[in-house]
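Consider the two complexes below, in which chain A is the common component and chain B and chain C are the respective partners.
Coming up: the complex of A and B.
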């Protein structure tokens, strides 16, 4: 029976990071993944990640995946694909199904990094073709290049629902609406805002009553819910859609750990049944580690750090790394992990109602219920100020761990400070050159450049723009406000697609002066965006 | 386990509900009504429901319906879903054909 220092189940962000880390310390590692391609969910993540430089903020997820895979290959990590781990037995014996045989391998340590599966909700019509998990839709568009449908209803306003909604729109789908039984949007306000300004309505406090159709979805009925989340009769509304995406949370895929004899616990905040583990990710079975979503639903950035911590801990256990260097590395990584777990959306804040920011500023209720800030609300946040000439307006109003805007500004006009969750502050006398690096670096697409004195009667507004085709310079279209309503005519002054912007194009439009704080999106024709 | 025995002593009277024909376990085509009926028949753990009806025993191994079944059983018993004992993880955690399971590679 072949023996490895570490057997890793799952080649996603956690598993690959662990493999790289373990291999760096000289460990003999095997990674098994049931899929045909490595990377787990990373290669589906075409959006820019949040965080700081050390968390690879503003880098698109799939690029992080490519880099990890390259590192793993360079270090000689064995990644076996189409390899299904069907069981973990006593003495860390792992059974892997590969092609039409099963093989037995042994690991001195094992890391289970199997991730999570999507939750479903049952409603009449939920088994019709056209109803699918949001993650499934994301796999279709981003990995296979197949549109799931043309007109989509998203159920769930967490980050998965919001991110996938946006990506479906980027692929040309029409987002008919986002429904959530919760009264408030669950995901980042900045993710909601970039959908809202395209004109997508948020139906908060609504549920899906049924999907209609005989052999595929031809429509849905949604309705308002009461306190018990039951549809209030008479509030039903029919929507014309051919696709329903469900984004109502994830469940850890922890069955392997249960059968391996780990002590398990069911914790709602972690998404379901997870193994009990220590700070290194070691379970009650010595030498059996977990990292990533299988140990509690979080995100790829934290999964990568958890994977590395587990690998270092295993290296120490097996003598590949001394006590002192291992502890030092682990504390550094734990600090980095801690930084990601700060802010309003921190795991510890789940379910809590947060009314003001760390700075003591009232949170926008409109952002939480409709997905966009009201114009008059922007002014109370430190990213807003007016000055002569071009300057950034940062519509970042929730404390999330993210600071690339501060790092990229060559003139140091933007300040987040040491506290990574602080709201960015724009310097009163910013020497903004209008380079646009901040606009492109903001993973939440929440930074705009405004010049109130473009000419006597016009202002220019620069927006991040990630839709194709790019409008040509000189195109006359309409400017949309934060809610997606057309507010005025707009002329495209420039479209910059600098490689440094990494596909976040900078579209600058000319609008009447009084529209400079209203115009936040551009549409070639209003009818195309409003649906 | 003891708590489950407590659940067992309260007999639950069967009554039909309008969405009883809703399919919950897609792989095995088990409806909500069948699950509710199973609880009335005295099945109070996910393990028992699984053996009685085969919910979660199909191709996806309960990946899709696991939480749904749990929610229905908990509601019927008047307890919180998290208070129900989760289904036991068993090998093979993914479906494997018998001919493959019996064919061990020499490597």
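Coming up: the complex of A and C.
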């Protein structure tokens, strides 16, 4: 039976990071993944990540995936694809089904990084073709280049629902709305805001009543819910859609660990049943580690760190790394992981009602219920101020672990500080050059450049723009406000693309002066918007 | 058109060779190596199979090979998960009825 220092189940961000780390320390590693391609969820994530530099913030997920794979190849990590691990037995024997053969291999240590599966909800018509997981839609568009449909309803307003909604719009789907039984949007406000300003309505406190159609979805009925989450009769609304995407949470895929005899526990903050483990990710079975979503639903950035911690811990156990350097590396990584687990959306804050930011500023209720800030609300946040000439307006109003805006500004106009969940502050005394780096680097697309004195009567507003086709300079269209309503005519002054912007184009439009704090998106024709 | 030709972030989508295959005897085209389900979706096919007892239609649901909703009869073999099976030239892809290839009378 072939023996390895470490066997890794799952080639997602957690598994691959662990493999790279372990191989770096000279360990002999094998990675098994059931898919035809490695990367887990990473290659579907085409948006820029949050966090700080050490977490690869502002880098798009698929690029992180490409870099990880390259490193793994260079280090000679063996990645076996189309390989399903079906069991882990005593003495760390792993059973792998590869194509039509079954292999038995042995690991001195094992890392289970199998990720999560999507939760589902049942409603009349939920089995009709056209109803699918949000992950399925993301797989179709970002891996296979095929749209799941043309008019989509998203069920679920967590980060997965929001991110996938935006990605569907980016490749040309019409998003008819986002429905959630919760009264408040579950994901980041910045993710919601970039959807809302395209004119997509949020139906909070609503449920999907049924999907309609005989052979496939031809429409959907939604309705408002009462306290018991039942549809209130008379509130039903019919929407014309051909696709319904479900994004109602993820559950750790921890069955292999249960089978392997690990002590398990059910923790709602972690998304379901997970193994009990120590800070290194080692379970109750010695030498059997977990990392990533299987140990508790988080995100790709934390999965990568957890993978590395587990690998270092295993390297120490097997003598590839001394006690002191291993402990030092692990505590550094743990601090980095801890930094990601802070802020309003921290695992420990799930379910809590938060009324103020860390700075003591009243949060925006409109952002939580409608997906956008009211114009008069933005003024109380430190990213807003008025000044002569071009300057940034930062509409990032929730404490999330993120700071690329601070990092990229060559003129030090933007300050987040050492605590990366603090709200970005625009320094009133520094001279913004209008370079646009902050706009393009903001993972939440929440930074705009405003120049109130473009000419006597007009202001210019620069927005991040990740759609095709790019409007030509001189195009007359309409400016949309934060809710997606057309507010005035707008002329495209420039559209800038730059390798440093990594596909986030900067669109600058000319609007009447009094519209400079209203105009936040551009549309070619008003008839295409809700309004 | 359900194929994304030019993506604002991913650019032009890299695809294999354009090949012919058949769906219920009808000739369609798709790209070699892409999942059969992607080629079918691009051609507007929604129903992959009908369930055994209640003859309800099923289509792509998870797109990662877990739910078995998308299984079809491919080259005479039933229960092929089309969302994870690469398309090959000349494949004979058919709607699956329950656990058989035949449409019930």
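In this text, the second predicted complex is superposed on the first by the 529 of 531 C-alpha atoms of A that agree within 3 Å, B and C clash if a C-alpha of one lies under 4 Å from a C-alpha of the other, contacts with A are read in each partner's own complex, and residues count from 1 in each chain.
Simple rule for what comes next: a contact is a pair of C-beta atoms (placed from the backbone, for glycine too) under 8 Å apart; a residue touches a chain by one contact, two chains touch by 3 or more.
The structure displayed is predicted, hence computed values, not measured ones.
Of the two partner chains placed by the overlay, only chain B lies in contact with A:255; chain C stays clear of it.
In the superposed pair of complexes, A:60 makes contact with chain C only, with no contact to chain B. In the superposed pair of complexes, A:312 makes contact with neither chain B nor chain C.
Once chain A of one complex is fitted onto chain A of the other, the partner contacts of A:437 are absent, as it touches neither chain B nor chain C. In the superposed model, A:127 makes contact with both chain B and chain C.
Look at A:461: by the touch rule set out above, it reaches neither chain B nor chain C.
Applying the stated contact rule after C-alpha superposition, one finds that A:193 touches neither chain B nor chain C.
Of the two partner chains, both chain B and chain C are touched by A:117.
In the superposition on chain A, contact is made by A:34 with both chain B and chain C. On chain A, the patch touched by chain B and the patch touched by chain C overlap at residues 34, 117, 127.
Chain C contributes residues 2-4, 6-10, 13, 15, 34-35, 38, 41-42, 46-48, 56-66, 69, 83-84, 86 to its touches with chain A in the complex. By the touch criterion stated above, chain B contacts chain A in their complex at residues 19, 22-24, 26, 32, 61, 63-68, 82, 86, 88-94, 96, 99-101, 103-105, 107. Residues 34-36, 46, 60, 62, 117-118, 127-133, 135-137, 139-142, 144-150, 170-172, 214-216, 466-468, 503 of chain A are the ones touching chain C in the complex.
Of all residues in chain A, only 2, 34, 84-87, 89, 95, 97-98, 100-104, 117, 119-124, 126-127, 251, 253-259, 264, 266-268, 272-273 touch chain B in the complex they form.
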